[in-house]
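Let me begin by handing over the structure; questions about it come next.
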Amino acid sequence: MTYNFDWSVLWRGQSGLWLLQGLVTTIEISVVAWVVAFTLGIFSGAVRTVSITPLRWLASFYVEFFRNVPLLVWMFFWYFAVPPLLPQPLQDWLFDHGAEFWAGVVALGVYHGARFSEVMRSGIQSIPKTLFEAAVSTGLTMAQAYRLIIIPIALRLIIPPATNESLNLIKNSSVALTIGVAELTFQTRQIETYTAKAFEALTAGTLIYLVLCLAIATTMSQLEKRFAIPGMITKRQTGEF
Amino acid sequence: MIEFRDVDKWFGSLHVLKRINLKVSGGEVVVVCGPSGSGKSTLIRCVNRLESIQSGEIIVDGQSLLDPKFDPSKLRTDVGMVFQSFNLYPHMTVLQNITLAPTKVKGLAAGEAEKVAKELLDRVGIPDKAGVYPANLSGGQQQRVAIARALAMKPKIMLFDEPTSALDPEMINEVLEVMTDLAHDGMTMVVVTHEMGFARRVAHRVVFMDEGQIIEEGKPETFFGAPQSPRAQQFLGKILSH
Amino acid sequence: RAETTLEKISQTGIFTIGTRTGSPPFAYVNKNNEWVGFSIDLVETSILPLISKKLNKQIKLEKKESAPNTRIPLLTSNAVDLIAETMSDTQSRREQVDFSLTFFATGAQFLVKRGTPIKGIQTIAGKRIAAQQGSTNAKIIRERVPTAKLLEFPDQPAAFQALAQGQVQAYTNDGIQLAGLKAKAPKPDEWAIVGEFFSYEPYGMAMRKNDSDFRQVVNVGLMEAIESGKYFELYEKWFGPKGEVPYPLAPETKRFLQMQVVPK
Amino acid sequence: MDFAVVINNVGFLIFQGFLGLGNFTGGTLRLAVPAIIFGFILGIFIGMGRLARSRWIYLPATLYVEFFRGVPLVMVIFWFWFIIPVVVGKSLPEYSVALAAFVIFEAAYFGEIVRAGIQSVPRGQAEAATATGLTRAQTMRHVILPQALRNMIPSLVTQCIVLLKDTSLASIIGYVDLTKAAQIVNNREIRPFELYLFIAVIYWLCSYGMSRYARHIERRLAVNPA
Amino acid sequence: MIEFRDVDKWFGSLHVLKRINLKVSGGEVVVVCGPSGSGKSTLIRCVNRLESIQSGEIIVDGQSLLDPKFDPSKLRTDVGMVFQSFNLYPHMTVLQNITLAPTKVKGLAAGEAEKVAKELLDRVGIPDKAGVYPANLSGGQQQRVAIARALAMKPKIMLFDEPTSALDPEMINEVLEVMTDLAHDGMTMVVVTHEMGFARRVAHRVVFMDEGQIIEEGKPETFFGAPQSPRAQQFLGKILSH
């Protein structure tokens, strides 16, 4: 191979700073989008399990509409198609204040909200219906039963799939580079163009993602243990089947 | 206290309750029995409106459930229910299980609700389990907590849907004892059960259902001693012989 | 000893170039779904025949897509033998790959809505400027006008869209690319290309390092094209008044191209 | 809005981009379908490996899953495209590279789905089969997997939809899928809205169609547990 | 036929079987009873090696399970097992449930296996359910299929782990009848059950366990009439009173 590796490009010049900036932006956009996605997901996922038909339709429509179209398309939609509908002063203000970041947040948040919704729905549906009935039988209203019993239990049950989904969100945040958000993948490309060292830059990017995701996965499995409902099998079992 | 008037209920095309007429007076203990699928659970679930009916009328504590002003949440504080599968809230301690509804529905202060809960735990015989999670209790203990939870709302009526059939045989008695005490204290109770010993000792009346209809009802002595309908004879034959 | 590029081509009978699908008119996919462009024509008419002649057999041309972040790895992993698109020759790139002589020279300018106060790099302070991700233009603006708000997009249409909708007030790229964009726009008159070249972008063809035989073939091919006038025919075809992107050849550029041709 | 650009290029978008019939290496379906099939088959082994008793099997399987779930797919494709040629000494066609990268990457996700599916089968099923003398392999094949498969359908479909859309990431190595095809046309015509709207509709139809069909199958299996 | 010699078993730090010594001869019917968690299930699951033991020895049909040449699959064809929760394969018809093991393990031809299966369905009293899926059967019918499935391997020993405790009361009898027939045909059986009527009628011997130990064993008349240990007395008091 004629390629000569030169790992020093990663700390010479500004590369290190760029990677750090990229990481910070990735974390920022992911965290804000995650809050949006999680809120939307929990709410719409819960609504999809109740017997109030119009609400359920609305939530189902939301999920089917958003999760079946590629994220890239949503990025363009929120960045290019939506702002022109706003009044001109607001547009200018937005464009001066990181419109691409917020468009990315909305795109990621709404798209992953639809996917969190599915996770939440299956979590709630795995709780026996009679538990809900028992709550209602003591006089709790439906809303109280959901808020106090069903959702707290479902939240604990969905930690593993929700972790998965959260990791997907982080990785998908790289799609925001298509609308100019300078996140981690963007910065690795930047290093590559400045140093022409593609392998080194990509390796650095890969490793940072890997470490970030593993850190989150580990934290979440600690969380899972901490909030485990006594008597339920939550820890990964290694057994015969 | 409870009155069914010509009640009909369908699940889709399945006719599960057929022209039910039944009256339970205050302080009365009624045992409902019958083969699986005969509609016993559905019957009592109609009383606290877990199921709605398609025709007829149900009157609980003087109020018709069809009344437009009727409030299901209010009804349910007056009617306690205990399920076959306990249905304790797994993420809460025993104490929290019991105090949840009193504080959230009745607005009782936390301290007050805990006092009541502790008294009830005493009454069902497990005063020392307040801080424990349901998963760490035996089935019999769980069911007693479920009874305490229902009683915490100070209901006028208690419904039991096969409260002992998910229990190991040695634990059945401890639950039946609590229920017997409750009956002797004058609680109005409707109990779906196959525990014929309990029915004999405690019930004022036994109702036998089959295929959505009430086939026979009467005092326990008469029903167990000389069942009238061939259906009831056959049923009793099966469950008493082994 | 590693196989030389000419040996590899001779052995497989295939000459593979890395080029782009979205850089009209240098390399793109036309309405008939053919992969064409000025850079591709140059290779096909001037370099490919020379290789065939030199190796004494008919060589087939194959095209693979290259992008800014894949073109150097494409070369080093032997997936392609030559990069022929719109790659600027720079010193840091020369540490990784070798370049042919310059076959096109341009520089960075700005595309703006007609009537915008932006007149060139001196007037962009505090303005929102779009650039293509990782381009040299972005780098220069960042260094020379740090107060400009730079937004980088991965491709031309996205950047242009941002300009058209007011997300940014100007879009900077190589002048020739801006000319192409302007020509394609629904209402070309609405747009203006402003400012002096504030960077120098000499396009070269890149190949694996230290393979002077092959570089010789490529360079001779280009020199012969310039000398014979073939180059200018192709220029007329793509950049002439009836071409894809009308962009008259400046006399000094023509002179510069001719001066690169060394005597036989 | 001017949808003439879509009409003029619909052949390129559908045949080249979506199906992969044309001058360019490409096709969303041509990549997604085999990637789903082989990724799932590999995923079955990985999922079973995760539940194996021997640590020599479950540790590597777990490592595999955790690694690929922590790395963006683009990076995996990139590594396959540029590292494999260096290792094997010659470059491979884009299609094989893309397919291999997808199969290996997606197998990690399919593996997790398979594992969850297997774990959703009550333990008693395995015990009952073992008690009648079936070997572990026979139990897996005849009793556990058929039931696990049914429980997996919803998450499998979700993953297939994800994969279908992810094929656009193969464009990094010049693979012309539906999204890339739209980009190519867009670079020439500069009509992003019309083009992206069109492909969004196509993706939506596929994804929605798949989830509908899956729900249909689920319901049919629920009624008649075959 | 089955012999436990000083068997000890731990789950982690939990000592679930303590120095068990037990012998079951050919044709004998042994009923095992005792409180929940006392190790009854574990005991019989050791016989067909669903659980392995940490010390002691188990000999089944003359062969030690510790023998290095021992083949668990062969053992399991000789020992049939029936579970509390039926565990029928839900994705297969009743017939397929029964023929799976004979064809896959014994290599029987499909036609032959079906013939045997039909005979067995006849014997357990549901000859007309061959093509039905388990979900469409009542619990009692499901358990009878499970028995037929175990019998299809022509075992020499049958193990039952609370075969009737997941059943509705009216269905218990139909299962007990099949088991009684089996016992009368001379099958060697070990049955964990709380059905004392069955134990009285059918068992040759009753074994009472508590906390991993065999506390008492004897003929049913003696055990039920005059249990020796206070533990057994208390246990019988609880389960017979209601």
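Chains here go by letter, A, B, C, D and E, matching the order in which they are written, and residues are numbered from 1 within each.
Note that in this section a residue touches a chain if its C-beta (ideal position, glycine included) is under 8 Å from a C-beta of that chain, and two chains touch if they have at least 3 such contacts.
Please read these numbers as outputs of a predicted model, since none were measured by experiment.
Colleague: So which chains count as neighbours of both chain C and chain E?
Modeller: D
Colleague: Which pair wins on C-beta contacts, D-E or A-D?
Modeller: Output for the comparison: A-D.
Colleague: Round to the nearest whole Å and give the separation of the Cα centres of chain B and chain E.
Modeller: 35
Colleague: Just how far, in Å, is the C-alpha centre of chain B from the one of chain A?
Modeller: 45
Colleague: Taking the mean of the C-alpha atoms as each chain's centre, how many Å separate chain B from chain C?
Modeller: 82
Colleague: Spell out, as numbers or ranges, the residues of chain E touching 2 or more other chains.
Modeller: none
Colleague: Counting only residues that touch at least 2 other chains, which ones in chain A make the list?
Modeller: Within chain A, the residues that touch at least two other chains are 1, 3, 76, 80, 198-199.
Colleague: Touching two or more other chains, which residues of chain D qualify?
Modeller: Chain D, residues with two or more chain partners: 78, 82, 86, 192.
Colleague: If I apply the definition of touch given earlier, which pairs of chains qualify?
Modeller: Taking the chains two at a time, the touching pairs are A-B, A-C, A-D, B-E, C-D, D-E.
Colleague: Which of the residues in chain C come into contact with chain D in the complex?
Modeller: 21-24, 28-31, 33-35, 64-67, 69-70, 73-74, 76-79, 155-158, 160-161, 181, 184-185
Colleague: Inside the complex, what are the residues of chain D that reach chain E?
Modeller: By the definition above, chain D touches chain E via 122, 124-125, 127-135, 138, 142-143, 146-147, 150, 224-226.
Colleague: Hey, which residues of chain B end up touching chain E in the complex?
Modeller: 35-36, 138, 168-173, 176, 194-195, 197-198, 235, 238-239, 241-242
Colleague: If we count contacts the way the header does, which residues on chain D are in touch with chain A in the complex?
Modeller: Counting only chain D, the residues touching chain A are 50-53, 58, 66-67, 69-75, 78-79, 82, 86, 112, 118-119, 121, 123, 126, 136, 139-140, 144, 154, 158, 161, 165, 168, 179, 192-193, 196, 199-200, 203-204, 207-208, 211.
Colleague: Which of the residues in chain A end up touching chain D in this complex?
Modeller: Residues in contact with chain D: 1, 3, 64-65, 67-73, 76-77, 80-81, 115, 118, 122, 164, 167, 171, 174, 185, 198-199, 202, 205-206, 209-210, 212-214, 217, 237-241.
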